[in-house]
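Shared between the two complexes below is chain A, which has chain B as its partner in the first and chain C in the second.
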Partner chain A sequence: MKRVYVNEKWCLGCHLCEYYCAFASTNEKDMARALKDIRIHPRIRIEEKDGISFAVSCRHCDEPLCVKGCITGALTRKDGIITIDRNRCIGCYTCILSCPFGAVSPSEDGAIQKCELCIKTAGGTPKCVEGCPNGAIVFEERGE
Partner chain B sequence: MKYVIIGNSAAAVGAVEAIRKNDREGRIVIISNESYHTYSRPLISYLLLGKTDENKMKYRSDSFYSENGCELMLNKTAVRIDPDKKTVLLDDGQNVSYDRLLIATGSSPFVPPVKGLEKVKNKFTFTTLDDAKRLESVLEENTKVLIVGAGLIGLKCAEGISRKKVETVCIDLSTRVLSSILDEEGSEIIKRHLENNNISFFLNHQIIELSENTAILDDNTEIPFDVLVMAVGVRPNISLLKDIGGKTNRGIVIDERCRTSIPDIYAAGDCCECIDVSSGEMRVMALLPNAYMQGECAGMNMSGADYVFDKAIPMNAIGLFGKHIITAGTYAGDVYYEADQENYKKLFYSNNKLNGYILIGNIEKAGIYTSLIRERTPLDTLDFDLICKVPGLMAFSKEERACKLGGIA
Partner chain C sequence: MAVEYIYPDYEIVRDYDRCIVCRVCERQCANEAHEYLSDKNKMVADNAKCVNCHRCVSLCPTRALKIVKSDHTFKENANWTGKSIKEIYKQAGSGGVLLSSMGNPENYPVYFDKILLNASQVTNPSIDPLREPMETRVYLGAKPERIERDEKGRLINNLKPQLKLSMPVMFSAMSYGSISYNAHESLARAATELGILYNTGEGGLHEDFYKYGKNTIVQVASGRFGVHKKYLESSAAIEIKMGQGAKPGIGGHLPGTKVGEDISKTRMIPVGTDAISPAPHHDIYSIEDLRQLVYSLKEATGYTKPVIVKIAAVHNVALIASGIARSGADIIAIDGFRGGTGAAPTRIRDHVGIPIELALASVDQRLRDEGIRNNVSIVVAGSIRSSADVVKAVALGADAVYIGTAALIALGCHLCRSCHTGKCNWGIATQREDLVKRLNPNLGYKRLVNLMNAWKHEIKEMMGGMGINSIESLKGNRLMLRGVGLNEKELQILGIKHAGE
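On to the complex of A and B.
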């Protein structure tokens, strides 16, 4: 299946992916207006240190520890994509305890949040990939 | 092939989902002594808190059993296994035959003998949906609730019932709260936090006598109460296997394929004990993720695959009145320590391995530490100083990152 892959050699550390991610979950048309004066809570996060930077988001694991460990059944994997039913999530953070990539995070409203490959917001074309100015984040099928 | 599963919670669901990956045809029979669709037991406190409801508590969708071709036998208790005839006797006299059997019977609350306990009318345990409903039905504003046990069950109960504006007192024989998952300093932080949320504690005490509405402690303190909740702990339900000579200790002893000592009988979940890879010792690790993964492992092997689950560790994610705690592993070895007003972090390591950790407050990316414990990652393969401060993939080698993020093997 197609996944988000990251090549740290090309990452500029510009954080645009984070802004595009945050923008994707708003219903606004204009990014600047949508994100003006707010603290964003993106599901993709840049790690950076000493000139190295790269983006981290859900790997949509074949053997997802977050899904297996979810105490409510709110995290599920369908057609290879792991999604969260925010209505059922009670914010126990067992998935944060479980994810080996640190790709699940608390959200503002108590439920957890994670990358869902924009299937709920942008028709399944990840906005972080579209917004990356240097091709450091790609959405493609690789040999599995 | 006919699969019989005794139990209807996380381990049972894990087994069903695994069996159906390998075998769409075989019969699956689930025997439960409760009357409910599979539900998440840890959610009972969230039910009282009003953060979930009975429908949302369902651990799987309404169509789970039909989609997976399961025959559900509710309100039936398995009484005895006959391993020669390969049958399970139920309390209504029926015999259910099996080719492969999974014991996923969970655990039961342990209620210690206390003088006068029989005089208490409003007494409860707190592990099932029925427990939660019965408890909720007697609570009113200002009801005095005495919880015996300041562990995970007792404290989640205290949080759950707080919505009813009750007066809660919690007592424990231990000198500290959450003594099974926290160290002393962590316990103190959480105790203060709970006290700020109107929970009172009598620690390092036990009840020597009860009357209908009063508990007398070992120092003769008298605590009046309307409702008593016994949350001292749970014991694995092992009797089905023990009665037929299967290997048990505190829990049913299983191997890394979730097999018991008796052929064609598997066990998974809170009724079991297995190797804790963070310490190398056999342990009961009664927690939902392990239950699911053991059930899954059992189901895979029951349906013909060769599948190993050898990465069980103790681990807990728990929130109490808005404060989050994540812990995992064994608290042994050298210590990395960091704390401020809001946050507390301790990492325990020795022999080039991370053994355990405690995070209170900031729990972000905790799973990166969990994976170091679970995978027994040699710490000299990463930037340990960095990862102590900031859990992240930055601490791994460039090659390791390319593999994790770039899909490059």
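On to the complex of A and C.
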């Protein structure tokens, strides 16, 4: 299955992936209109310290602790992609506590949010991958 | 300073309706021109720090930025231009030599732009390169003067070592030091994939790049940096650098701040010391001395590879080339006055040397007149900007061309001409780790390969139009060229007719 992989060797810490991610979940055509004067809540985050930086988003684990811990069945794994049913999520945040990568976060409306590889929004290649200026985020098949 | 004599050359224009305060401009500017005001949640910019490299413009996700030329002006004066006045202010303040980077930007004639190519009509058929074979391969090196046979009449192979190129273009000498590790890796990998060559420049060869040796020209320059047996042996050819088009007559200077651990190892000098290449080779004061070095290098490598001698195009270039062609060198590289550099004194760069088109035409003619053209191949450099320039150079007599600036532009260079500051925002002309990583060679080498493949298609199209199916048939074929707006003398030197003749 194709996954998002990150190579910190090429990550510049420019944070553009976060903005492309936030843009992907809006229905706007124009990024300026979509993100002007708002605080973004991206599903991918840059971690940086001492000159090293890299992006972190959902790994779509084979044995996902978030799905195991979800008490309402809002998180499901289908075809290897872990998705969230926002109507079922009650905001108990068990998934946030159990994700070892810190890749699940609260959204603005109480339900949780996480990377869904842009299958619901952009379709095809995840926007963080398309928007990375230095090829530090790739979307590829690497074998299980 | 209380008195600021110089108003910034560029203004950073931000469309605040489009700025989403993502701060990528701030994070990506090594000159720190952009600033985030946290109390106002607003981006601002300091125009004085902008070098117009377009890094922020290219990465801004909402296209909220552009750089414009300042319209602030001095009182108009055709003689004392704003540039002249500002340079005096700078020198009056610093007391120093003005430094510049990349090629001569001044308004001298570009002869390539005054030469037009021919095409076939009616009486001779043009060739469609998509349907018929078209040969762009060239071999560089000395060609045999005569066929030799042994006592039984069998042919003796008297061909001296040759370089095989899939197209008549190579990446010119740019040292590790003047450009980054990632830029070098991009060039080396692209040359390997394309079947052409790149050139180490005078900075030695990083140990990681020995594996690209078959596509590497190693340089021996006046500083002799990084020259040792394995270095010479690993290469496809050895180039003796006598001069550089951007700064004929002077040497080079890599500041100690750029000589880190890796570069110190590669150049074989202590960390933090200035790497100074002397103006002359201290063992070469004549063609005879040059001949000694040519043969020392051939001896050291068992006569297995061609030796190139690179010179800057200067006034008596034809005479010098004639001497080099008799020195045992296999290839002469001539670098015109538009050639690039990582740093040069402005006055040298802008006022010394001659155009490569004139130098090439006169060298080719002189070597033919003296019957020694086959002793050497001619490679020209110094602002080959497109495939059309390549075709014109070959028709003027070149066997191949070197491209430096064009290759760097493919890697992202925006010709801001600030290489000498060492803060290249595109990761090319810098050794700062955080900047070097901005050039990912996995992406960079593909862009170089794309550029060269595009040029190769165009070269074939132009050759096909002229009814020529091999680059060898184009070489020195000046009947395919016509001048526009050139005077008799210029036409005579170029050896071409005027359009309409």
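Everything that follows uses one rule, which is that the second predicted complex is superposed on the first by the 143 of 144 C-alpha atoms of A that agree within 3 Å, B and C clash if a C-alpha of one lies under 4 Å from a C-alpha of the other, contacts with A are read in each partner's own complex, and residues count from 1 in each chain.
We adopt the following convention: a residue touches a chain if its C-beta (ideal position, glycine included) is under 8 Å from a C-beta of that chain, and two chains touch if they have at least 3 such contacts.
In this text the structure is predicted, and so the values were computed from the model without any measurement.
> So if we stack both complexes on chain A, do chain B and chain C clash, or do they fit?
By the criteria stated at the top, chain C and chain B fit after superposition, with no clash.
> Spot which of chain B and chain C makes contact with more residues of chain A, would you?
Of chain B and chain C, B contacts more residues of chain A.
> Per the contact definition in the header, classify A:51: touching chain B only (first), chain C only (second), both, or neither.
Second partner only.
> Output check: A:69 vs chain B and chain C. Expected answer is one of first, second, both, neither. What do you get?
First partner only.
> Identify the partner contact of A:102: answer first if only chain B is touched, second if only chain C is, both if each is, neither if none is.
first
> Which partner does A:19 contact after superposing on A: first (chain B), second (chain C), both, neither?
In the superposition, A:19 contacts chain C only.
> Aligned on chain A, what is the least Cα gap between chain B and chain C? Give it in whole Å.
16
> Kindly list the residues of chain A that each of chain B and chain C touches, one partner per complex.
Touching chain B in the first complex and chain C in the second, no residue of chain A appears in both lists.
> Touching chain A in the complex: which residues of chain C?
Chain C residues touching chain A: 17-20, 22-24, 27-28, 58-59, 61-62, 64, 433-434, 437-438, 440, 442-443.
> Which residues of chain A touch chain C once you look at their complex with the stated criterion?
The touching residues are 9-10, 12-16, 18-20, 23, 30-32, 35-36, 51, 131, 133-136.
> Using the touch rule from the top, collect the residues of chain B that touch chain A in their complex.
10, 14, 40, 42-43, 46, 51-52, 56-60, 288-289, 292-293, 296, 315-319, 324, 326, 328, 363-368, 370-371, 375, 386, 391-394, 398, 401-402, 404-407
> Going by the contact rule at the top, pick out the chain A residues touching chain B in the complex.
Going through chain A, the ones touching chain B are 3, 5-8, 47-49, 52, 54, 56, 59, 65-66, 68-69, 71-73, 87-88, 90-102, 104-106, 142, 144.
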